[in-house]
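Taking it in order: structure first as C-alpha cells, then the write-up.
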Amino acid sequence: MSDPAPSGDEEGRPGIGRVEAFSDGVVAIIVTIMVLELHPPETVGWDKLWALWPVMLAYVLSYAYVAIYWVNHHRLFTHATHVTNGLIWANMVLLFTLSLVPFATAYLGEHHFHRDATLLYLATLLLPSLAYVRLQSIIRRTGKQGPAAEAYHRQMTRKGLFATLLYLAGIPLSFLSPWLGIACAALVALFWCMPKSSFDRLFD
Amino acid sequence: MSDPAPSGDEEGRPGIGRVEAFSDGVVAIIVTIMVLELHPPETVGWDKLWALWPVMLAYVLSYAYVAIYWVNHHRLFTHATHVTNGLIWANMVLLFTLSLVPFATAYLGEHHFHRDATLLYLATLLLPSLAYVRLQSIIRRTGKQGPAAEAYHRQMTRKGLFATLLYLAGIPLSFLSPWLGIACAALVALFWCMPKSSFDRLFD
Amino acid sequence: MSDPAPSGDEEGRPGIGRVEAFSDGVVAIIVTIMVLELHPPETVGWDKLWALWPVMLAYVLSYAYVAIYWVNHHRLFTHATHVTNGLIWANMVLLFTLSLVPFATAYLGEHHFHRDATLLYLATLLLPSLAYVRLQSIIRRTGKQGPAAEAYHRQMTRKGLFATLLYLAGIPLSFLSPWLGIACAALVALFWCMPKSSFDRLFD
Amino acid sequence: MSDPAPSGDEEGRPGIGRVEAFSDGVVAIIVTIMVLELHPPETVGWDKLWALWPVMLAYVLSYAYVAIYWVNHHRLFTHATHVTNGLIWANMVLLFTLSLVPFATAYLGEHHFHRDATLLYLATLLLPSLAYVRLQSIIRRTGKQGPAAEAYHRQMTRKGLFATLLYLAGIPLSFLSPWLGIACAALVALFWCMPKSSFDRLFD
C-alpha cells in the first residue's frame, strides 16, 4: 500500500460501519426479492396454493442460507478494524455470489427440485462459501489480533470446512436423488443455526 | 453459552444497531414491494382505476400491519442490551414471517376478498405475531431489567394477547362473511395505531 | 401521554436515528423501483428506444419529486428531538403516500401523458404534501424550539404553501392541456431544487 | 448561502451520515435489481442455462461498475465535512444516473451485445462519470482541505480522466466490433478494482 493520500483506508471503524451498512442493504434485498417468486395463483383454491410448496420450500431453504451468511458476516466484521481495498472487494465478491441465490432458488422451485436444478442450486450456494473464506482470511490478517480473535477464526474455519464437506457430499448424492442433495444443504443450514453449545467444542 | 471466543455476542449496543439496521432494510423492502401489485391498468379510464380498489384496500391494510410491527420492533429493541444467537434467529424468523405478507396481500387483492383468500391472509398475519411473542420473551429475559422494563413488557404482552384474541375471532367470522374477518384485522390495526391514552391503563 | 413505561418515546436522538434510517430505506426503494418501468424494448432500434421518452420523462419528474421530499425530510428531522407516537405515524403516512408515486408514474408514462393519467398523477403527488404538512407541524411542536427553529419552520411553511398553490393551479390547467399540468409540477420541482439564494428571503 | 435558518446545512458529519446511508440504500437496490433480469429458463436443460451467458456477462460487468462507484463514493465522502444544497443535489444526480444502469444492462443482455445496445450501454455508463466529476469538485471545494486531501483529489481526478479516455475509445471501437467496446469498459472496471500499487504513482 503506497497510497499517499488518506483515502478512507486508514479511518478505522467508521469506514467499517459503512461497509456493514451497504452489505446489510444488499443482503436485505436479496432475502426479500426471493419472496417475489411466490406468485399468487390466478384462481382461488387450496389445491392451487398447495402446488406452490416446491417454491415455498426452496424459499425457506435459501432464506436460511442467506440469513446464516448475514449472521456470520455480522460476527466476522466485529473483528475488522479498518477498511482496506482487499477487504472491500472481497466483500463485494461475496455480495455478488449471494445475489445469484435468488436466481438459483427460482430455478429450483419452478422445476420442482429436478436433478439438474438441484445441482445448479448446490453449485450456486458453494460460491458464497468460497468468497467468505477469502473475506475471513483478509480480516484474520488485517483485523483484531490476539488469542481470542485467533480462537474465533480457528473455530470458524473448522466449522466452515466441516459445513463445506457435508455440503459437497450433496453433489454426488443428487445423482441418486435430488432430495439427498437438498437434505445435505438443509443439514448444513441447521448446523449453522443451532444454538451454540458444547457441540462447538468439537471445532476448537 | 460456552462460546470461548468473542464472537459479537458480547459487544453490547453496537451489535444491536446492526440487527436493527438489517431489520429496517428488510421491513422497508417488504412494505414497498407490496405497491408493485398495483399494476396500472392497460387502458385509460376511471372505471379501470376504480376496479383496483380491492388491491388498494389490501395494500393499505397490510401496510398498516407491517408498519405496526416496525413501530413495536423499534420500541422493543430499545430494551435489548446485547446480541445473542437466540435474539438474532428469533428476529430472522420474525422477518421471514413478515416477508410472506406481500404474497398473502397480492392473493387477497387479486381474488377480491374471496373467503379462502381472506382465510389465507388472516393465517399469514398470525405468523409474525407468534414470532414476535418469541422475540419479546428473549429480550425480556436477556435485555434491560427493572420495574420500568417489566411494566413495558407486561403491558405489551397484554396488548398483544388482546389483539391476537380479537384477530383470531376473525377466522370463524370469515365463514359468515370475509368482510367480518377483514373488519377484525382492521380493528386490530386501529388498536395498535391509536395514540397512547388512558386506554393503555386497561393493559397495565 | 400517560405511558408509564420507557417505550422508546423518551430516548431522544437515537430513536430519531432509526426513524430516519427506516425512512431512508423506504425512499431509496421507491426512487429505484420506478426505473423498473423502463422496460427494454424487445427489438433493437433507436426508434424503439425513442418511443420510451414518455416513460423516461415521467421517471425524471417523479425522481425529482421524491428526491425533494427526501431532502426536506432530512432537514426537517434535524429539528426533531425525540420520537413520539404521533411523529412515527405521521412519518408512516408520509411514506405511504410516497409509495403511491411509482404507481401514478407508471400510469402517466404508459398512457403518454393522457389527460386522465395527468390528473391522477397530480392528485397522487398532492397526498405527500398534505402528509408532510402534518409531520412538520408535529416536529414544530415537539422538536427544537427557539428563534432559529421558528424561522426555519415559518420559511418552510411559506415555501410549501407557495409550492402547493402553484401545484394546484396545474389541475384546472390540465383540462386545457395535460402539458400545462405537467409544466406546473415541473416548475414546483425546479422551485425546490434551486440553490438557496436571496430568493429565499421572499419566504421569510 | 444567505439561508438564515439552521436547515441542516451546518450540522457537519451527522448530516453526511444520512446522505451516505441514503446513497448506500439506492446503490444496494440498483446492484441487486439487475439480477432480476436473470430469468430462470422455463424448461430444464444445461443448454437453456448456457443461453443466459450474455445476460450474465452484462450483469457481471454492470455489478463491477456500480460497485466501483460505491467504493469511490465511500472514499470521497470521508473528505466531506458538511452537507450543502449543492452536495445533496449533485449526489442525487449521481444516484439518478446510476439508476439507469439496470435498464442499459437489461437491454445489452437481452440483445446479446448487439452494436446499438453496446453503444447505449457505453453512453449510459458515461453519465455517472460526469455526475461524479461534479460531486467530487463540490467536495474538493467545501470539504476537508490540506495537502493530503489535495493529493487525494488530484490523484482521483487524474485516474478518472484516464479511465474516461479509455472508456471513450470504446465508442468508435464498437463500430468495428461491439466486443471491442465491451473490452474497453471491462478494462476500465479492472483498472479501478486493481489493488493499489506503485501503479498509482503514475497518477500523482
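All chains are identified by letter, namely A, B, C and D, in their written order; residue positions are counted from 1 within each chain.
Note that in this section contacts are C-beta pairs under 8 Å (C-beta built on N, C-alpha and C of every residue); 3 or more make two chains touch, one makes a residue touch a chain.
As the structure is a prediction and not an experimental result, all values here were calculated from the model.
Visitor: Does the chain B and chain C pair touch with the same residues on each side or with different residues, judged by whether over half of the numbers are shared?
Guide: Under half shared, hence different.
Visitor: Tell me which chain's centre, taken as the mean of its C-alpha atoms, is farthest from chain C.
Guide: Result for max centroid distance from chain C is chain A.
Visitor: I'd like to verify one number: the distance from the centre of chain A to the centre of chain D, where each centre is the average of its C-alpha atoms, in whole angstrom.
Guide: 26
Visitor: Need the CA-centroid distance for the pair chain A / chain C, whole Å please.
Guide: Spacing between the chain centres: roughly 37 Å.
Visitor: Quick one: which residues in chain D touch 2 or more of the other chains?
Guide: 21, 25, 28-29, 33
Visitor: Along chain D, where are the residues that touch chain A in the complex?
Guide: 20-21, 24-25, 27-29, 31-33, 35-36, 38, 40-42, 44-46, 49, 60, 63, 67, 70-71, 74-75, 78, 148-149, 151-152, 155, 193, 195-198, 200-201, 204
Visitor: For a test of understanding, state which residues of chain A touch chain D in their complex under the given definition.
Guide: 1-9, 11, 15, 18-19, 21-22, 25-26, 28-30, 33, 83, 85-86, 88-89, 92, 95-96, 99-100, 102-103, 106-107, 110-111, 114, 116-117, 120
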